[in-house]
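You will see subunit A twice below: alongside subunit B first, and alongside subunit C after that.
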Partner chain A sequence: MVEFTILLILLSMLLALISAAIGETVYDKILAVNIFGTITVLFIAVYGFVTGRPDFLDIALVYALISFVTTIAVLKFFEYGDMGKSSTDREQDIDI
Partner chain B sequence: MEHHQVLRIVSRFLIPLIMLFALYVQFHGDYGPGGGFQAGVIFAVGFILYGLIYGVERLRQVVNPSLMRSLSALGVLMYAGVGVASMLSGGEFLNYSVLAEDPVAGQHIGILIIEFGVGLTVASTMTILFYAFAKPY
Partner chain C sequence: MIIYFTDIALSLMLILTAMVIAVQRNLLGAVMLSGIYSLLCASLFVCLDAVDVAFTEAAVGGGVATILFLGTLAQTDYEKKSRVGISWSGLFLVIICGSLLVYGLSDIPGFGLADNPVQTYLADVYLVQSQKDIAVPNLVTAVLASYRGYDTLGETTVIFTAGIAVLILLGRGKADSDTVESKES
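So, the complex of A and B:
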């Protein structure tokens, strides 16, 4: 039963990758990659229980945290073209 | 990005949890998956998230770049210092067993200090990398 779950999760990972590949705008692609990250968290958790190592939940937590920050970083890069910009800088740019 | 209210509040909520989790990974490395390198990266992710939301200039005020450079060197110094200390106590380089009366207690002390040094170096180096990639304004 749990093996079947793993199979389904792998299938949905594949679907998320395909949707990332054929996504038209960059936002579609980022959304697909974000979904892929979420499914990967599920995969790590289920895999840990199948192999009898619930410690894998820690790794799943790390993956969730880092994929959240990655999405913010990529979106910020596409929105502002730079990682370190703050909104006060943006207002100064508009004044100039 | 301070004007994104949802992002700002969620990040404010998450940054302390990320750092707490990094400390858990650091000091629970004896018993579960974890260790200095992973903990350092997770700790730096907290700083990087702060820098993404509030801008790199604000992050520079919170975390001094020159302090980060010193800390990255200090971690390596701790690592090598444990090795030299075990040499001075009569063992080989990085032979933790001689650090205490009881070899097992010595190994615990040695691995904890070494992993702490690794975590310090990795966290500060990751923050320096973020400074290097985010353009100053």
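So, the complex of A and C:
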């Protein structure tokens, strides 16, 4: 049963990869990377149970955090065109 | 059986991702795909039981490197303008290097064999003693964090120093603008 699950996860990894490869806009690719991060979390969680050592669940949690931070950074880049300013700097820019 | 299949499937997807990155014209798309490449690498490292390496790969490759690439692309343009033809000398060099690497692969010991050099040195001591000494379930973590604790502390210090140096170099412009503002006021 767990083996079947990991086959399905590998299949969905391939689908996310294809959607990243043939996606027309950059936003398709960002979405594909985000989905791929989620699938990786699932993969690591399930793989621990396949090998009979579910100690890797903590690592899956850290992966979820990293994937989230990356998506936030990418979207911030697309919103503002840079990532080096704090919110107070931005307010001053608007005043000028 | 399923473990072998997983390894093979992940490796094939790695090759597929590398090919897709190579034909990308939009550099932002290439950065996003290299994030996928890092996540695949990390999954493969977890399959090979190198959890700490997988951790680093996900944090550095998937997280920090993607953000650094994006920061660089913010300073430059991110569409490749002209389509470059095949550089034959470069292709020749790549084929030579690849052949040498494959030739070098023929000399490495088989995966997980009992008489490999890595298994015959200190591994027995670690395997027998680590549960008694440290009681960490993962042996690699026990070796890195406890038996080689000072080594890991030194590495962390080096990385911390490098991070501080980069912050000092990048933070200069902002400090200057602050002093200019205070002079004006």
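Following the convention adopted for this analysis, the second predicted complex is superposed on the first by the 85 of 96 C-alpha atoms of A that agree within 3 Å, B and C clash if a C-alpha of one lies under 4 Å from a C-alpha of the other, contacts with A are read in each partner's own complex, and residues count from 1 in each chain.
Operating definition for what follows: contacts are C-beta pairs under 8 Å (C-beta built on N, C-alpha and C of every residue); 3 or more make two chains touch, one makes a residue touch a chain.
This one's a predicted model, so the numbers in the text were calculated from it and none came from an experiment.
In the superposed pair of complexes, A:32 makes contact with subunit C only, with no contact to subunit B.
Shared-chain residue A:12: touches no atom of subunit B or subunit C. By the touch criterion stated above, A:21 is placed in contact with subunit C alone, subunit B being left untouched.
Of the two partners subunit B and subunit C, more subunit A residues are in touch with C. Of the two partner chains, subunit C is the only one touched by A:50; subunit B is not. Residue contacts after overlaying the shared chain place A:69 against subunit B and subunit C alike.
Judged by the touch definition given at the top, the superposed model places A:59 against both subunit B and subunit C. Comparing the two interfaces of subunit A, the one with subunit B and the one with subunit C have residues 55-56, 59, 62, 66, 69, 73, 82-84 in common. Listing the residues of subunit C that touch subunit A in their complex gives 2-3, 5-6, 9-10, 13, 16-17, 20, 26, 28-29, 32-33, 35-36, 39-40, 42-43, 46-47, 51, 54-55, 58-59, 62-63, 66-67, 70-71, 74, 137-138.
For subunit A in complex with subunit B, the touching residues are 55-56, 58-59, 61-62, 65-66, 68-69, 72-73, 76, 82-89.
Interface of subunit A with subunit C (complex): residues 3, 6-7, 10, 13-14, 16-17, 20-21, 23, 26, 29-30, 32-33, 36-37, 40, 43-44, 47, 50-51, 53, 55-56, 59, 62-63, 66-67, 69-70, 73-74, 77, 81-84.
Interface residues of subunit B, counted against subunit A in their complex, comprise 1-3, 7, 11, 14, 18, 21, 25, 32-34, 38, 42, 45, 48-49, 51-59, 130, 133-137.
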